[in-house]
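Below are two complexes that have chain A in common, paired first with chain B and then with chain C.
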Partner chain A sequence: MSAVQTAVVKDSSMLKQKEMISGNYRKLETAKAEGRKVAATFVPGNLNELIMCFDMANNLPEINAIQNGMRKKTGAYIMEAEKRGHSEDVCTYVKADLGMIAKGNIGPDGQQLPNPDLLLLSYTGCFTFMKWFELLRDQYHCETAMLHVPYQGDGRITKNMISYVVRQLREEVIPKLERVSGVKFDIDRLRENLRRSARAEEDFVWVLESAKSRPSPIDAYFGGVYYIGPIFTAFRGSEDAVEYYRMLRAEIADRLANGQGPVTPSGDMKAERFRLVVEGPPNWTSFRDFWKMFYDEGAVVVASSYTKVGGIYDRGFRHDPDHPLESLAEYCLGCYTNHNLPGRIDLLAQYIEEYQADGLLINSIKSCNSFSAGQLLMLREIERRTGCPGAFIESDLVDPRYFSPANIKNRLESYFQMIDQRRGGPSVAHAA
Partner chain B sequence: MTTSTNEIVATCQALFDDLSFSYAREWKSAAPGRIVVGYMPFYVPRELIHAAGGLALGVLGGGDQLEVIQGDAYYQSYICRIPRSTIELGVTNRLDFVDAMLFPSICDVIRNLSGMWQIMFPQVRSRYFDVPQNFSDAVGGAYYIHELNELRDMLAEVSGRPVTDEAIRAATGLYNENRRLVREVYAFRARQPWKAPASEVYLLMRAGMILPVDEHSRMLRDYLDAAAADERPRRDNSRVVVTGAFCEQPPLNLIKSIELSGCYIVDDDFMLVNRWEQEDVPTEGDPIANLADSYLHHSASTAAKYEPDASQKGLFLVDAVRRTRAEGVIFATPSFCDPALLDRPMLQRVLAANDIPYIAFKYAENSGQMQPIREQAGTFADSIKLWSTP
Partner chain C sequence: MRTFIGIDLGSTTTKAVVLDENMDVLGRGITNSRANYDTACKVAKYEALLAARFTLLQRSLTKAGAGEARLGDFLDSLERGFRLGQFIEQLDDLEQTCLDKARGDRFRGREQSIAEAIHAIFAVLRDGAPSLFARDARRKSDFFRDLAGSRFMAVGQETARAAGLSYDMLLNVYDKAIIEVENRPPRGDIADKLLRALDTLAVMSPELADLAAYLAAPVRRALDVETEETSVVGTGYGRVTLPFPKENIRSEILCHGLGAHMMYPRTRTVLDIGGQDTKAIQVDDSGIVENFQMNDRCAAGCGRYLGYIADEMNMGLHELGPLAMQATRSVRINSTCTVFAGAELRDRLALGEKREDIIAGLHRAIILRAMSIISRSGGVRDEFTFTGGVAKNEAAVKELRHLIRENYGDVAININPDSIYTGALGAAAFARRAAAH
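Up next is the complex of A and B:
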């Protein structure tokens, strides 16, 4: 039986975000006509505040793949890329992107995407990014700026790492952005953008941490992927992002004051039975079906690692306008998948304690070795350290062939039963 | 005393088959203060390990002779095999004599394995060894020099003695000689592949993963002398370059199968660490700066390394074909190997643009069924003979 009420009313923040995303696609689609240069870049470690300094439009191939995945378009794109010689073994974001290009580069909203003028490769926390941009360079034959962000192998950011990233920014990335855009770099403009980022980040963290309440007013995974949208993509540093997070915070504050649970696609969740921490990205091609498996059972995700791929703000990091380039470097170095495995384990174990979760669920993604390699050890370690039960399911990002709803549902139900048994009987819901 | 190729190859085979690494264990126990430092593909500066009084031990998985039982419990089905068998080596105490492990920045799987090692084997010093993807001296070079110095400090701590400039220079000289000999073996094979079968050269190079550098150099010299003196029948085989196998190694039977199907392998990317630096590293001046400079400007190309110049992408493979007078390329790639599989379409485009034929297949280090490989490689060899422009 569904634990949600049926009336669905879109919050103002949802409408605002929708308009922001459409606006960015419009900006891309009109870029050539309006003489605007286009940068393509990735989500983790992106330099949106810097790109904004050069009046460039920002195209994010991962976001295109996600949007296409949610619109059920990626299956055909992936098959197209495989037909063209790309291995069935590799990342489906890459293949969805290349397949989309091969089929005419029509964006998720049905409009032609422009060829980028610059590929800004922020190589943060994922090896595949590097190859992806080499593959894109092969398609577009445009300039590529590489920003190599070292991995936190020893679980810390060293001065050498910061200085390496700053030097790359100063000596290679910024000059290339200037050359391609024709706009001179203005560090004060960057400081202003970073100041706005920090303001949005404050509100964003407040929203994430609201999940510590019982019942949680948010779902920090399925709902969380919407909340991270502006700050992880083409809007961090903009006034729109500040406004979005201000609105979102106010809405969540209301929910909190009213003792309401999270918003779901079927309306407000009425009863919170299970509180989970989730590791790994979601599946996008069956996103709503996947989410429903949780809210139908009264399961709320109170913290997730996926909402940290574009920065772990809830551990204190804020963009710092007083140290602009160093701050960008620290941001890039601090993204979740750039942390070593012991650091990721620490974070997730802390989340289980801080958010009073019932356990850890890992959604292991076939495409994403950066997340997935080592997750079985993470599961064991976190179970050992917290005493909370863990569960493991497998799916993929945007390849519909790797989403098996019956298997996943079966595992989830067994997991929820196991949590109940550990509690000594069926769980009592926290009514909203 | 002259040593025959058979004797040398038998020694190499015994080292290859020994999954307890007895040689390295004995080397370590032969003198006090010795350390063994394991490393995974594709490259680490072994000079520093040697200068620390250590033995650099290449850890290349378990091959097809190791039954992986516990290792599989750590990985999903869609992850390659080398980390599983490496974990198996660890949890079955086959690496219990290793003092430190280095995990180079080859891909996300090996990167994450570095963290797993820290958790599972806390008594071993484990380090993720990051190399720059920016090749400017002032940027990537400055970063890398710092990383090399950190590694140097770590090795000094593990060995309990300082790693001096002088010792690094001496080690650099020894590795320069070793790389010269490795290049000579490869050149010899490219000239007379019937005298240096790929399976023999493979075992010979593999011995370099465990022997001290000077001993390996002696072996290479002996092999060159013995192989040159051997009379072996010359076959009408096709000459091929094998690429994509720079990390998880193919089973030896796969290499033999390619040869049996009518191909002479005249170049490959197995164990790139043996010939990573393509020129001698200077032995005068600052030895750390010299290593950094060699990495930035004189090292091999592989999928794990960014190619900043789009026009140069894949040309290393075309050069290898031209240099060795190869007639085609075989992409032999481990299943689920992100770097090699993502790189492959770009390399294939460059080969096609240069009219170089190629085929591709995947393997795992424990692949057992060779018939499809033999058929595919055999057909490729035949097609080269029948259809390629002379």
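Up next is the complex of A and C:
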């Protein structure tokens, strides 16, 4: 296949996703006019297949914050939230969301967002989510459903945990969804949605695992955040998502067959010099500048924990139409932020081995405790286990004030040169 | 001969080191970084090459049989002659630039009297120049800006009054001119200038006239040896601005690790406290970096913090350490935020604490922060090497020794008098290596 053809194919999944995202925003904007009910929920523990069963639109505040961050709108929203009394140290997704609401709730695409009819909270390890929805409930005075997902304190999911979550789904979440939407729950509809989820998940995992090749045809962090888009948000369980991942897989398969590296904003990445595993979310306000610091140096991220926040699929879990509620429970229990520190360490250390990475890089987020707590210990332990060097940089999610390009670039370059030096590469000097 | 140069563009100072083929240090140079890294780089390199020339002269003149004590005097006199020549050159440049700046509408009608005043000031400055470079003369600074500035201010006020001109106006002209002059790197060939200094040596130091005559030929022969800048490697914060190919730019982490290893081959942990960075680096037995940690987003507790405190107290940076050493107790300071440093200081003074005790507390706070960064990087391993500008501060070193013993037991702690050049030394070693390929 020629390069020109590849470029066309490459664009098609991106265009498809763009359409899907703007389609969902349209669905939200027209919800009231068309009598559609709206649920607001979070990426980790997102029960999209279930929400779809009630013909409701899904509005994800985190995604709004990310989209606004990439459009450079969050700085003003965060200032607005701080003006209203939210401290400098509060999660900046929360403040970007509250600031957006305070300024008229105009969505990232410039259109009015609807007030939610239901706040559906799956509590998967992030305590801030609960406080966030308390604030939203105070704002919207709408129905709230809280699904309590037990933390994987012992690093495993037990039958009791699953039945505890299933019971809440049956007794708390589904009745509320029925009541708010006026639609009766149909488990066969859920099974169909889950069947589609599993198909999309299969292709998604194939794409993630393509990074095991050398060179990796994808960047599993900077590219990865685009690849997780549909499956982590309002599309898992939809035909659109199945189609998107089918297209994406075909495109990546082509890149793989052609021995191409990942696509970057500056074109195809040339030589792959460093393979990294990255822990922690990216910075969104300077996303492209941040990415450039990697691809300019030939650094590709081959696996990341952030692409697991909305579900870990590459360890075998699939949504299961034969056990619909159980599989939703298992999905929520398995999200990355619901894993304890030893579990996270195991996963990242395995990634370093499986993906033949040069080391672990942690992007520690100033305002995100659910990720940041324990990261230095994780770094130390993973270094010890794998013998690969780690590095630690700090930035923030969507607060532009906490991205210091000179500092981050300095640390990254030092890290890359250190890896090179340890390999005995061109940086090695014979000391006197 | 082939030389290998490392340049460390720090936030406060820029350092350069010149090595020979055998990795022996030929010369070191340092200058203030200014806002212009390009000039700083050229000046530091020029200074290092000058020092290298003197090392080479010493080597060859020792072979020529000059006695050690008098040779030292001779080279010292030669260097003073060189520096005097360079100072006069820069004064000439500064005078001309001042005249250029004193043109335009603002000065209309007064051009003549301003020019006369400027000539008068610079005549006094030139007359006083030899005393600045006389034997055993004590200069508060070696930077042209400081030397020329303090003299200009001393002479300018009187001259302005005598000429019926505003002193502020003259000072304003000077301020504009000095920025330009300071950012013009030194021109001319070092060897040529040294030859000129040699010619005037007998006048500056009549007691060395006989030696100067005896050494003239060997000096000329030694200066005939061309030094070639075989390879230059840059490091430090300003490294991206260096006009070098990418492969000749190295991170300061690698350079400090390697530089510390070259100074003390048994080094395993390096702490560098510079102007804006605190770095803890773990190296293996060949100086290869195994791990590192740096201060996070803010520069709290770095060298700049001490600079800020010194400014607040109207003291020189180098005076802080000795003052802290006089402390009888250490006041507990928790915040190492540079911006809040002034407030912390005034608060403690208002509470009646003694200055030396507060300053001792500030030093301790800096080192406590450094200890936290060290532990992030994997702790202290034997031997431990402390580098960077803060390593020159005896009070900081005292706290560090104390805290290391308390937390890590008996560990060899190395502090080299030339530790400020550690990064540049590592960079020069990379330059040597690059040339070998």
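Following the convention adopted for this analysis, the second predicted complex is superposed on the first by the 415 of 432 C-alpha atoms of A that agree within 3 Å, B and C clash if a C-alpha of one lies under 4 Å from a C-alpha of the other, contacts with A are read in each partner's own complex, and residues count from 1 in each chain.
Here is the rule we go by: a residue touches a chain if its C-beta (ideal position, glycine included) is under 8 Å from a C-beta of that chain, and two chains touch if they have at least 3 such contacts.
All values reported here derive from a predicted model rather than from experimental measurement.
After the superposition on A, what does A:L376 contact: first (chain B), second (chain C), both or neither?
In the superposition, A:L376 touches chain B and chain C alike.
Would you sort A:S12 into first (chain B), second (chain C), both or neither based on which partner it touches?
Neither partner.
Let me test your reading of the model: by the given contact rule, A:N258 touches which partner, first (chain B), second (chain C), both or neither?
neither
Kindly classify A:D154 by the partners it touches after superposition: chain B alone (first), chain C alone (second), both, or neither?
First partner only.
Between chain B (first) and chain C (second), which does A:R422 come into contact with in this model arrangement: first, second, both, or neither?
second
Please indicate which partner A:D89 is in contact with in the superposed arrangement: first for chain B, second for chain C, both, or neither.
Touch partner of A:D89: chain B, not chain C.
Considering only the touch criterion stated at the top, classify A:E394 as touching first (chain B), second (chain C), both, or neither.
So A:E394 meets both chain B and chain C here.
Using the superposition described at the top, list the residues of chain A that contact chain B and also contact chain C.
366, 376, 394
Taking the complex as given, what residues does chain C use to touch chain A?
It comes out as residues 23, 237, 247, 250-254, 258, 261-262, 265, 286-294, 296-297, 376, 378, 426, 429-430, 432-433, 436-437.
Quick one: in the complex, what on chain B touches chain A?
Touching chain A from chain B are residues 73-76, 78-79, 83, 103, 105, 107-109, 111-116, 118-120, 127-130, 132-134, 136, 138-140, 142-143, 146-147, 150, 303-304, 306-308, 310, 313, 333, 335-339, 341-346, 348-349, 362.
Which chain A residues qualify as touching chain C in the complex?
366, 376, 380, 383, 389-392, 394, 402, 404, 406-407, 410-411, 413-414, 417-418, 421-422, 426-432
Show which residues of chain A lie in contact with chain B when the two form their complex.
It comes out as residues 84-87, 89-91, 94, 123, 126-128, 130-132, 134-135, 137-138, 141, 144, 146, 148, 150-151, 153-154, 160-161, 163-164, 167-168, 171-172, 340-345, 364, 366, 369-370, 372-377, 381, 394.
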